[in-house]
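Next come two complexes built around chain A: one with chain B, the other with chain C.
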Partner chain A sequence: MESLYYQNDSLLHRLNPLSKIVATAPVILFLALTTAPWTPSVFILFFGLITVIWGRIPILRYLKTVTPLLFLITGFLIFYPFAVDPARVAGTGIAFQIGSVVVRWGGIIFGVATALRILSLIFGTLLFVLTTDSSDFIRALVQQWRLSYRIGYSAMAAYRFIPMLHSELAVIRAAHKVRGISDRGGLRAQYDRARRYAVPLLATAIRKAERTALAMDSRAFGAFETRSYFRQLTFARRDWVFIGAFLAVSLALILILAKAGLLGSLVVLQEF
Partner chain B sequence: MSTETTTQPKPRLKDWTTRDLLVMAAISIAFGLILAGVNYLAGLLLAVNPMLAVIFSGLYFLPGLMIMLIVRRPGANILTRVIVNLAQLPFTPFGWAPLVMEPLFFGGAAEMPFLITRYRDFRLRIAVIGGVAAGVVSFLMMLAFGFFSGFSFGFIIATLAIFLLSGALLGGVLATVLVNAIAKTGVLNSFAIGQEQQEEI
Partner chain C sequence: MIQIQDFHFKYIGRKAEAIAGVDLHIQQGETVLLLGPSGSGKSTLALALNGLIPHIVGGRMEGQVDIDGLDNRTATVAELSQKVGILFQDPEAQFVTMTVEDEIAFGLENLQVPPEEMDSRIQEALDQVGIGHYRRRRVDALSGGEKQRLALAAVLAMRPQTLVFDEPTANLDPLGTRQVFETIAKLKANGKFTLIIIEHKLDDLMHMIDRVIALTSEGNILVDGIPAYVFGEQTEDLLAEGVWMPQTALLAHQLRNRGLELSPFPTTLAQAEQAFGALGLAITPNGHKPLPKPDNGHPPAVEVRNLSFQYGEIPVLKNINLQVPKGDFLAIIGANGAGKTTLAQHLIETLHPPAGCVLLNGIDVTQIESRDLIRRVGYVFQNPEHQFITNFVDHEVAFGLRQMGLPEDEIDERMTRLLTQFGLEKLAKANPFTLSHGEKRRLSVATMLAVGQETLILDEPTFGQDQRNATALMELLQELHAAGRTVIIITHDMTLVAEYAHHCAVMSAGELLFHGSTEDVFTQPDLLSRARLTLPPLAELSGRLAARQPEWAGMQTVDHFATALAREMLWEEVT
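Entry: the complex of A and B
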């Protein structure tokens, strides 16, 4: 599996990973609660522009990441108008009719709104994912947010296991093949293969993990409360400026939408 | 646990050896990669029908329950969720978002039956209850975020049923089956679970 991170040296790349979370998290949470289609649309554009311009992500690369997501949400557009509770959209006009199934405009708007809502959340997190090296994020969690470095380094060790898992899988596959187990077939064979591969793969992974743990222990990993770091991350003034500016612009966008009457009701208020 | 005390075992990181942490990391990355793929599949199914997307929910609780059965330490479910989410960070467009709530809600729910039995009972039934509890909490979270707004009552109940079934089977039962199978290979001999599985010769 390929990493989504795009290595570059841009404004967003140079920010502390945590500041990108602090800035986007409140906006994403707010978007998760919106119901009207306008708010997510505006923020999809907002997130997209910031990521591409300030993250200096090539537009093709951005589209390549986003396209499968667009494919995912078309389902909402197709299915939700049929699935929506008839009582909820009873007042709206009929869009079209297939036999006894009536699709109303309210249902279509509901599908569009749900799709856009989910897409806006993903565009929000993509701003972080595309511009942040995961190891740097873990370093920041350890250094700025006081995550135990034993947990942080365990997660970083996990990244190092990925190539090992790939090569082990190849070894297991070859071993099964040389013993005459077919490597082809449909869904059923896929399931059988997953079952055959799971235990040996996990067993080797555990064995490798134990050896790594021994190596780390022998270098006194975890012996002290604090430790020194090869890469020291800081929370600089530009991080505060970014957080402030991002939240201010987001708030302005929301206020403009509210003023124009396009904000719609929030989901929490609707449910309870 | 090394010391036998009458007080409730507290989830202390100090009790975790480097070996525990690294075994957790290895299992977490393996399932992190699988779950990053399942995320896309579940997203597609969520679009077609939210009821279908829920079928795989138990897989999300699986690594936590497995680590709990292997290392048998308080907090295993929560910590594993943290590591799984950190490990799959570069591979999922959702990024850090699941990291905020999943460990606490899914992990915390799966942790409950083990906490209630004071981390002394690691049989199948406790793991199944853990998977079911995590399923209930995920269902409530989907409800709170309005994923079911606009759907009929029968649909919502059916989704809950799938949550429970998936949590029990793909979560609790599969965790127990996998851990027992791995223990039979001998790689877990230094853990309590491996000691139990060893046959006298």
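Entry: the complex of A and C
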């Protein structure tokens, strides 16, 4: 697994990671509840512009990151109209018909709205993921939100393991193949294979974890209740300004959409 | 100053003690080489010095371990970590953070060093290991040698007086190894540090060593003294315990057995150079050892034609052409990332070559059924555990035989024979994962041989093995080779290459730089430096001696020297 983080020192990068969460989380939550296609579209644009401009993420890189997701969404778009509950779209016009399968406009609009909603959630998350160093995030959790540093830094060390385990698995696969274990076969064979991979993979992971723990302990990790910080993350004025401005603009956008009658109903209101 | 009295340690769940009564006294400023076979308790001793034993590692400790007057039981790990720092073996498993400076800050933060003090301490530590300019790099962007220097800097920032190096170069290529050794030499020159070094590539290290301590496999002290005494007087004991020796000392020992005494007994290359110079022998050159002729009646065991391979957008192999004749003993050598393993994986089709690029015994590998392929080529991975697929040692060996569809009684017979051949018969019902490191390696080779492949590929076969296990394994490979098998090894150990390989394929950055006899490789300094490789110690010695007297050129192993000198002595006796 490769981290999506893009390193530079833009405004968004310099913000405390937590302020990005505080600012985006309410908006993302709200978007998850929308049903009409307009709201997510506006916010996709909003998130995208902020990320590219104030995160100084090269547009190409940004597009490269979202392209695979677009494929996913396209797939969704195609299948949703067929899968939608016919009762919900019964009143809308027929778009086309394949044999006995009827696809109605309502279904297509539902599909588009849902796809856009998912996309807007992803764009919102990318604002955070592309501009936040995972270690800074953990530091902020430890320093501002009082997460135990023992847990935080252990998680940081564990994060380093992911690529290692990934390449280790590839080697184990090759090693088993050389012993004559075919990589084809049904469910049963796949289960057996996974179990065989698990043992050496676990053995390696445990050994590496032990070594890392020893290396950390021998540098006095956990010796004191508290620690000092080389990078002291703060909640500076710019963080408050960012949170305030971000939420204000989001609210304004929502109000404008509502005023124009484009907001549509929210999931909560529909269900109850 | 380190004072150890009657120190015992037993890990939880083990029957035998890892350290069974050690008394030691190490002066401030001494440089000590700590030797011992696998499982002799070298690392245990290291962990006791910085207090992880008994504070963190589970087990029962007895006796007294004092560091600068601090009792390791009563002192805290925080105090001891500022007295003793340890550099561990695995460069991938020592880091917590993502960037170089954060990694150094990590230890300082643990000690609650004020942030305003950290900046200068970080820079100072990085400068001490010569990577000051890497301060803002990401850890993952560093090479193995650089990572180890970073790990060392992270330890140095905590300002310990004693540094323990626990096999710091085991995972490094020759250049990385040299970088680490040069850094240790710089710390030694500084004069402030007590250095305790656990290593087995000894020749490039010996010039710094004041004292050698060897442990027995039971965890006692076998011998303790200056290098010339330990390697010169106690040689038989060391060899019997399976302890690695410097090549120069091994050579001097061999010559002594043949009646030629070098004095003073050399343990460093410089001393050996002097001792041979003082002998004043005029030797006749060995000349090229005639290599066994490739059997022309057979197609090459392995043939690679115009093979290129990319990983994503990064080229890993660039147009490789290589012919390995049947019955050859080939070493594929090169720095980390040169493409050695990638090339080898194409030979067993775990990476898929295009049709016509890889031929085994003249047959395109893509045309060979995978069931058939594993009967032709055996591949032993660097980590033996990766290849284990059953829960019992004997099942492990029988697995390949069953796949061949042999009758049960033949499987039984061949299995028993292999287990005996590899000294595993008593462990037949053990779980492969519970074996010792040497046993695991033997088992992984045994499982590969069970099928009786004509070609055997081994990735770092001696990795992590003590001298006895390594030699036993290499002798076995020699036997197989003598019986007509084709053997290909991938290794960073140039001594191993010089001693066993007939031919070398030298790779660098995905290219095959050279393919020819091993002797030709080690007489081309340009080639080696281009491939970021180093000379084996005795080839280095040969080169230095040849600078004075050209007849000394071209020797690379203990055998080469011993044969040339024996001939000389014989000749002198006759005249």
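Odds and ends about this structure:
Note that in this section the second predicted complex is superposed on the first by the 234 of 272 C-alpha atoms of A that agree within 3 Å, B and C clash if a C-alpha of one lies under 4 Å from a C-alpha of the other, contacts with A are read in each partner's own complex, and residues count from 1 in each chain.
Basically, a contact is a pair of C-beta atoms (placed from the backbone, for glycine too) under 8 Å apart; a residue touches a chain by one contact, two chains touch by 3 or more.
Source: prediction; values computed, not measured.
Once the two complexes are overlaid on the shared chain, A:Gly186 sits clear of chain B and of chain C alike. Annotation for chain A, partner touching more residues between chain B and chain C: B.
Once the two complexes are laid over each other on the shared chain, residue contacts for A:Gly261 go to neither chain B nor chain C. Judged by the touch definition given at the top, the superposed model places A:Phe221 against both chain B and chain C.
By the touch criterion defined above, A:Gly75 lies against chain B but remains apart from chain C after alignment on the C-alpha atoms of chain A. Contact with chain C, but none with chain B, is seen for A:Arg196 once the two complexes are overlaid on the shared chain.
When the two structures are aligned on the shared chain, A:Ile28 is found in touch with chain B, with no touch to chain C.
In the superposed model, A:Tyr229 lies in contact with chain C only, and not with chain B.
By the touch criterion defined above, A:Gly99 reaches neither chain B nor chain C.
Counting contacts by the rule stated earlier, residues 134, 157, 199-200, 203, 208, 212, 214, 216-217, 221-222 of chain A appear in both its interface with chain B and its interface with chain C.
Only residues 1-5, 21, 25, 28, 32-33, 35, 65, 68-69, 71-76, 78-80, 83-85, 88, 110, 115, 121-122, 125-126, 128-129, 134, 137-138, 148, 150-151, 154-155, 157-159, 161-162, 165, 198-203, 205-210, 212-214, 216-217, 221-222, 267-268, 270-271 of chain A touch chain B when the two sit together in their complex.
Within the complex formed with chain A, the chain C residues making contact are 47, 50, 52, 56-57, 76-78, 81-82, 85-86, 88-90, 92-99, 101-102, 105-115, 118, 122, 140, 151, 154-155, 158, 345, 348, 350, 370-371, 374, 378-379, 381, 383, 385-389, 399-400, 403, 433, 447. Against chain C, in their complex, chain A makes its touches with residues 133-135, 153, 156-157, 160, 163-164, 171-182, 196, 199-200, 203-204, 208, 211-212, 214-224, 226-232. Within the complex formed with chain A, the chain B residues making contact are 13, 16-19, 21-30, 32-33, 36-37, 40, 43-44, 46-49, 79, 82-83, 86-87, 89-97, 100, 143-146, 149-152, 155, 178, 181-182, 185, 187-188, 190.
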